[in-house]
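Across the two complexes that follow, chain A remains constant while its partner is chain B and subsequently chain C.
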Partner chain A sequence: MPVTVPPVDYRPAVALYHHLGPGNESITSPYTAMLENTYAEICRSNFWTWRKQFEAAQRDVAGLSSLQHGWDTYDAEAPNELARTTAKDILRILEQEALPPSRLLPSREGGITISFAEGSRRAEIEAYNSGEIAVAIYTPTEVLKVWELNAETRSIREAIASIRVYLTA
Partner chain B sequence: MIRGDRPVVPDFDETEVLYLRYFRDHFVDGQLSTAAIRFPKQSVNRGLHSEPEDCLFSEQGIYNGLGVVDFQIADVPASVSQTQGPAYIFFLKHVPLPDNYAHSEIWSDQVRGSRNYREPSKTVKLEFRVRLCQRIGPDNVRIAAVRNSTGAITA
Partner chain C sequence: MAIQYEHAPITEALIDIRVENPPSVTLAVLEGLHEQVASDYPRKQKRMFLVGEISAGDAVGAHASQTQTGFAFSSSDSKQIFQARTDGFTFSRLRPYVNWIQLRDEAERLWGIYRQSTGPMRISRIAVRFINQIDIPSPRVDYKDYFRTTPEVSPDLPQGISGFFMELHFPQPEFAGMLVLRQAAVAPLVPDTSSVILDLDVFKEISDVIDEGEIWTLLEELRARKNEFFEGSLTKEAKNLFGERREY
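Entry: the complex of A and B
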């Protein structure tokens, strides 16, 4: 007989942990221990780790709005609103597909670079200020594929699927 | 670094070293990110006329915290072909500035030897940037960066 596991909602425990905090004298030590154990479990969970990474990545994208022209000391354009919106859309899809990037950076090319690295397997999605998107998958010595996308969700989803297949092969 | 009356030196030896400023977060898992390379005309300093430290010289301190990587002319992809459309060739051009004689740029064109600039397609540019970055790892760091591309300083 199949066993159904109910979905676990960690939010109350996380909120309590942050609200009460370690060392709070208003709660008993067994309860503190339980909260700390639960919190440690949550920290080990891939889901919550990814969730945290994606929240940080979305904040990073928003933070790029403060960059000025020439931010890189080589006269690069700062990522504009179009590039930031595209990058946020890509991050949303990546989160749905549970594929967190390794790094998100403003690109000297004018836009935002989203990087993936899994051992020697690497990929980049670049969202440009022009609204264009380009993708590359490569090894440390070989470029395997470079292609351009349109900004439609389906097209981005297909590219992400290709990256996932490549990174996990 | 002052140019003065010194002439343009158009020839580059394959073994000549080039210097590029980078940010600390430009290294992803031991390789320079494509985010560190730009078009058009990525600026570099040629090693024939400068040292890595010269890349970071500024009386206003605007390069404080940045690092410098080096690579050779031979590391710059000579050409990138595409299935649909013409191949692009890449070459170095010495473009001295009044306060930076070593300043040079990476140019591209479809015609070898033309010395003109033609902007490649996005995919050609990305392939070029990936191939150049494949040649730049931690061993190429001459001065380590402590500043991230968003301005944060990391020890």
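Entry: the complex of A and C
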């Protein structure tokens, strides 16, 4: 009987299409059609779409481990393991709260920036290499509020709620 | 009879109606729907269809070619989403799911707004879909303890697997439809647990003209069939995870 073991290199099910999809000549056309249909149906759901976005974001965070000091061609620190772990924890809470970020980038201040956008309203959560977390809400022309968080789940949830209120106001 | 669990594992419940719209239904027409629902669904995002990829947001990778198919209007807490697309209408309720009556009534209200603005020539497909995330409080589980339909691994092979995705198509001759069961192991959001998705998508392709009343009668039938498959797919041990069970 199938028994799970802890995943080592987790490949999300919805990535199946990308691994086996068009362009791979070993795939027969009926199989390609089945995969396309499955993929389209999976993506019609918000849950699966967001799940896919969060899995991509988690992979992006893991991928930042390859950045070197000075990655921006100036003198920026690369995100360290603490920043990556904090960012992954924040992403897990964001997924539970159903608020997918718009993008995720390394920060020039040393850390990782998780960004949100809704029209002209913007917000960011920054996970710094020091372990500190900061939140900013702003417009393209004005920073409206910046505050620091501790790494507790409750504190992060409250910040997410504030971001959501601002983005949808 | 319907069954409601105290902690239902439903992570998304949706009603989907696909249509053939007249050419006059442009993205501008669909965007115009937002004014009518903005008080309850203030968030507006483009619904994009990408080559091999779909996105709910504005930003897409530079590598992807994209076509906008419509808009997704979300409630301020992002728990309810109304998709208005050129090819149809979808109303989703995300966790926490409340009940079928609220889902159906809100879908009916929003469908009325969509239909009035777009005037579809034909309804081509009607679906009820419930996506359940079953979180099992152990990192190592035997799927057969929780699920009554599982991938069968040959006894001659190693039994440990770290992931699976299974899709089964069950014809529904009673109403000439189909039920697609998708079951997949996914990365759990909580450490030291296991998560499995049970995605039940029951639909009917429509070839004849269907009147408004028939849509909602058919949706009740689809939902009843979905419930049968949900109950029949899980063991007692799995259902014990969902708390008190109430029949109504």
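The rule we apply is simple: the second predicted complex is superposed on the first by the 130 of 169 C-alpha atoms of A that agree within 3 Å, B and C clash if a C-alpha of one lies under 4 Å from a C-alpha of the other, contacts with A are read in each partner's own complex, and residues count from 1 in each chain.
Keep this in mind: a contact is a pair of C-beta atoms (placed from the backbone, for glycine too) under 8 Å apart; a residue touches a chain by one contact, two chains touch by 3 or more.
Here the structure is a predicted model, which is why all the values come from computation and not from measurement.
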Most chain A residues touched (candidates chain B, chain C): C
Chain B versus chain C as contact partner of A:A117, first or second or both or neither: both
First (chain B), second (chain C), both or neither touched by A:G63: first
Touching partner for A:S102 - first (chain B), second (chain C), both, neither: both
Partner chain in contact with A:W48 - chain B first, chain C second, else both or neither: second
Doubly contacted residues of chain A, that is, touched by chain B and again by chain C: 102-103, 117
Residues of chain A that touch chain C when the two form their complex: 1-8, 10-13, 16-18, 21-22, 38-51, 53, 55, 58, 92, 95-96, 98-100, 102-103, 117-118, 164-165, 167-168
Residues of chain C touching chain A in the complex: 11-12, 14, 16, 42-43, 52-59, 72, 76-79, 81, 90, 92, 94-95, 129, 131, 133, 139-144, 150-153, 159-165, 167, 180, 182, 184-187, 189, 194, 199, 201
Of all residues in chain B, those that touch chain A in their complex: 21, 23, 25-26, 28-29, 31, 33-39, 42-43, 62-63, 66, 122-123, 125-127, 129-131, 134, 149-150
Chain B partner contacts - residues on chain A that touch it in the complex: 60, 63-64, 66-67, 71-76, 102-103, 105-110, 113, 115, 117, 122, 124, 126, 128, 132, 134, 136, 138, 140-141, 143, 146-148
